[in-house]
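Here is the structure we will look at.
So that you can tell them apart, the chains are marked A, B and C in the order they are listed, and the count of residues begins at 1 in each.
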């Protein structure tokens, strides 16, 4: 694994072309190996924020200029076209829809996509694929058709694909959505074992306490709270106000 | 064949080439044989049926597939004398067309049974077909059934909202809306896949994958 | 419009296959300029989408139904080069995964649907955009017109291919065959223009940025669109006229240059047959003209209907949820 990654977001404001701003002046810092939950109701901007952390937004990435500082910096690297590839190597994103992230014909081939694009040699690629599949308990799935997987298997296969790149930070977008209790347990165990920086975007409070130490609350594109997990989870009024509990 | 390496450099399997060449040869022969040489055509038909039996294609499957194909092929073959007149020349030509079509169909059926699509893609890569073509094919193959299921779900949802006996115009409008929705969803999906590829190091340069 | 094996002669299939191969190879070469690193996911996805779209039934008469072809649709969404490749992939997968369609017939099928359909379709759409102004509505009109014209062009080409396949047969009545093909495909073409135009209108209302090269200019006055539509319809009819006229110059030139005509000793040559048939004043002559005129008029009406002002639904109703 590349060493744990630091994330620095400064005054991030963003809107999709032709639409209103979906992120307003977001600022936070995440230290290496910190485990942070990004809580917020649907439509809060969590997915959009995660895409920024992987230098996938804005499209196209801003060119560096002296008078305008890039909003997102990963390990000191600003999110510009020059550093995009390196940022994407260090931050591994698990997208909401695993079907769209699992584009290989078989699980093994899909997991090999990342290492292949790191220009590693064949033996190293094979080793990484085997390791990643073992990490997610899908060792026997290398030859399985990606179209014939359960949701839990698909999510784990996607995770393997990301882990094969050995990122220093894992950013997951609603990983537990629609999973059955066993699937959630399996995924939680894998995430517990991840040594790097962890960013978990979710509106599911149950596993947040177990997996993270710090919570950032996002609502309507604005940062509403940023504190240690217990403080936020015990503040029922805050949670209610931002639609995180009924 | 167990493809234990998840990524393969182009590996040209002689078996796959032979199968492709055989299928093309049968079709070429069938389309070159005239009506007068019907024993040769009969022999070709027998060879193709034998190959199908060797490939393990069950009779029920064969009959079902043939049952779907024959009516359409017959109609097409019949359209010739229908448009040109029912003289013996045109009837013979019509019969030849039907026979050629059937032999080609059976040969194709054999090919898809003995050469799975994944192997075909690997063979194409080995034959130095442009990498972008193979990659697009693989991507299409991966999401074909996903989109097929999606359109089925859209159809079911639409049917659930239909009351009474709708007119043909309504059917057309509904079908157009169905495909329009699929278009938007598919393009968005394509963008999401592109992002997922970028996130894992995609730079537009094709490597031996998948 | 899917030709099976056996209908066309092998040399015809090989020649059209050769043309298709060159055209597709060129499209692959030009792909990298048009879509860059989006090529693989977008082309693959649109190809899968056209395939799935072709499964949708459009009921015609009791029992029979029509289907989307998709050439002009793919061209409008991906541009000419990726559109051409996408349709080629559709035909390839239909053959090698589902055994649907002929093997040698891939040559003419790719030629009709991918080359004429997508490349030709995009050319027509560009021409319409130039005439009617580069607006979203002219895109819709372009799809309607190109849908019909490409189907008719394919029908004419198929008739020529069939004629060449049966060139040695003295009983072959070309105009008769052409007349029937064009009558039949005038209807299919109307269906294709309705379906493709309707789909693009659906997309243009909700997500105009998804159309390849989305236009940024504001709408031009109506009369430009009407003039454009009328011109194209007239052009289509004018192009068809030489085939129906008593001097088959256009057809002769095409066949002579392609060296496809055969002359067997003793039997009348191909051209003698054509001249003899074309000079006859039969129903065939009129049906060719009428299918052209009537078809283009109907398509013109469709273009006006589908090209009417687009009203965007409210932002909340647009698809594509964004978090």
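Here is the rule we use: a contact is a pair of C-beta atoms (placed from the backbone, for glycine too) under 8 Å apart; a residue touches a chain by one contact, two chains touch by 3 or more.
Quick caveat: nothing in here was measured; it's all calculated off a predicted structure.
Participant: By mean C-alpha coordinates, which chain is most distant from subunit B?
Facilitator: Ranked by distance of C-alpha centres from subunit B, the top chain is A.
Participant: Which one of the chains is closest to the middle, using the mean of its C-alpha atoms?
Facilitator: Ranked by how close its C-alpha centre lies to the overall one, first comes B.
Participant: Measuring centre to centre with CA averages, how many angstrom lie between subunit B and subunit C?
Facilitator: 21
Participant: Distance from the CA centroid of subunit A to that of subunit B, rounded to the nearest Å?
Facilitator: 39
Participant: Can you work out the whole-Å distance between the CA centroids of subunit A and subunit C?
Facilitator: Comparing mean C-alpha positions, subunit C is 45 Å from subunit A.
Participant: I need the residues of subunit B touching at least two other chains; which ones are they?
Facilitator: 138-139, 141-143, 146, 189, 193, 197-198, 202-203
Participant: By the touch rule stated above, which residues of subunit C touch at least two different other chains?
Facilitator: Residue numbers touching two or more other chains: 41.
Participant: Tell me, which residues of subunit A touch at least two other chains?
Facilitator: 103, in rising order.
Participant: Which subunit B residues qualify as touching subunit A in the complex?
Facilitator: 2-7, 118, 138-139, 141-143, 145-146, 189, 192-193, 195-203, 207-210
Participant: Which subunit C residues qualify as touching subunit B in the complex?
Facilitator: My answer: residues 4-7, 9-10, 13, 25, 28, 31-32, 36-49, 51-53, 55-59, 68, 73, 77, 85-86, 89, 92-93, 95-99, 102-104, 166, 169, 171-173, 176-177, 180, 194-195, 198-199, 201-203, 206-207, 210, 319-320.
Participant: Looking at the complex, which residues from subunit B come into contact with subunit C?
Facilitator: Going through subunit B, the ones touching subunit C are 23-24, 27-28, 30-32, 65, 72-73, 76-77, 83-85, 87, 89-90, 93, 96-101, 104-105, 107-109, 111-112, 115, 117, 120, 130, 132-133, 135-144, 146-148, 150-151, 155, 168, 171-173, 175-191, 193-194, 197-198, 202-204, 206.
Participant: For the complex, which residues does subunit A have touching subunit B?
Facilitator: For subunit A paired with subunit B, touching residues are 51, 54, 56, 85, 88-89, 92-93, 95, 97, 99-101, 103-106, 108-114, 116-118, 122, 125-126, 129, 142-143, 146-147, 161-162, 165.
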